[in-house]
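Per-chain residue numbering starts at 1, and chain names A, B, C and D are given in the order in which the chains are listed.
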């Protein structure tokens, strides 16, 4: 599927690569409500992106060392159920839209034991070059985003 | 203005109370990009809500002690410009929608020196009672949300 | 070895159980110096304690559900070398002192690839009961701390 | 008072400048114990150092822009009482030791309403130059540390 977006023509892969990672909820990620603080999920999404690159056989740190960055321009999270300290969390993360200068990651955050869907979210990113200007995603990196 | 929403009939105040707070960017709120990490703004929005209650002459901790909580069900943030360590930040925060069981806070996060708008966002909340069930916002608290 | 301490007679196991866990440095754990913020290591030590309990076949959350907590009364960390985003970290964690009402965890935080020792630390804890009063560590929990 | 230390001859000012800052406990700084997580105090100490520089009429960001950094080499915190969400916190921070290449900050963290002393701590720092090598603290910066 192809769409025109502010960041160029975007493709939506029909069968995207889905990276998953699992980890336990850390104590400091909870708050006085007794459950995980909502901002912790935003940090987990960031780590899910790092894990996505590793799962594809590359390293986001290399991408940055090559002079580029994927700046976050939008974050959305929808909270359906809560997690607690010690819970085993499973995150599914994939590229849902890829355009010439940007991409969108989509996330499903689950309780790995019960398979309950806790949080869904997406983050939209734009590629910046060393001068901090919007840039076309370089071909050397494009493969692991599609 | 009045709207029907999944959380009941919602009113949009024409001239909402706007709370503002100012603080300096902490070093730990930055990341290796040299700028403030995107998740830090989500934490600032949470603190802006606390400050909103204090500005109205009440205390969100009292609301919780009375047996209620405002659970976050949606977070959205749109990033327009970046902040750096030590920058003086100004957040404007107001209730943009209030219904019988929930409300939406809207935020504008600015660089207080340059007045540049850095991030806009909103968070949607539902009122929960001591049993964790959705509940009508009690009258004792409703005044400071309108 | 046995010592008298403010928390009772303390034993220092000659061959303590050492729990290890490995994880990648998250982006948000770095700061504008380009390296991991010093406070992130304190959070990692906390997670190493959680992992210690899991490695022993138990769950710190169960300990809390049984009405007790291990409050932190002292933290010390010594920083020798820095970690960067994406580095694989290895933490070794063990109980270095156990007394009737408290214990000390000791930590070695290493770069798992190079085996460089990055940070050493220890945290001292006191057992609290449901009323928040210092308490003798209950026998049901004592086994996994020795 | 003058002492020989691994970082050179150190002076202990008899009447050091004490910087204070006040702020409210953020919700995310608490954890599921219902009180402030112990690592939050380490972050507050970092912010107290930033505030110290501002109180002296300078800016730690300028120090870094001039090519230097004060790397943390030791952190110690002793926890005496707990803080809760919304509490007004007061931190007193001063330079307790200054040598040619490093310095120690000492902290007292209090509940600003009750004046209860919650946490005491100190952090030891070494001056690094742009190459990340230990360096003599430049004269342009030395004044605000003494």
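Operating definition for what follows: contacts are C-beta pairs under 8 Å (C-beta built on N, C-alpha and C of every residue); 3 or more make two chains touch, one makes a residue touch a chain.
As the structure is a computational prediction, the values presented were derived from the model and not from experiment.
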Pair with more cross-chain C-beta pairs in contact, given A-D and A-C: A-C
Most distant chain from chain C, judged by the mean position of its C-alpha atoms: B
Between chain B and chain D, centroid-to-centroid distance (C-alpha), Å: 30
Whole-Å separation of chain centres (CA-atom averages), chain A against chain B: 24
Chain centre separation in whole Å, for chain D relative to chain A (CA means): 35
Rounded Å distance, chain A centre to chain C centre (Cα mean): 30
Junction residues of chain B - those touching two or more other chains: 27-28, 32, 39, 43, 46, 84-85
Chain D to chain A touching residues, read off their complex: 27-28, 30-32, 34-35, 37, 39, 84-85
Residues of chain B that touch chain D when the two form their complex: 23-24, 26-28, 43, 46-47, 50-51, 54, 59-61, 84-86
Chain A contact footprint on chain B (complex, rising order): 32-33, 38-39, 42-43, 46, 69, 71-79
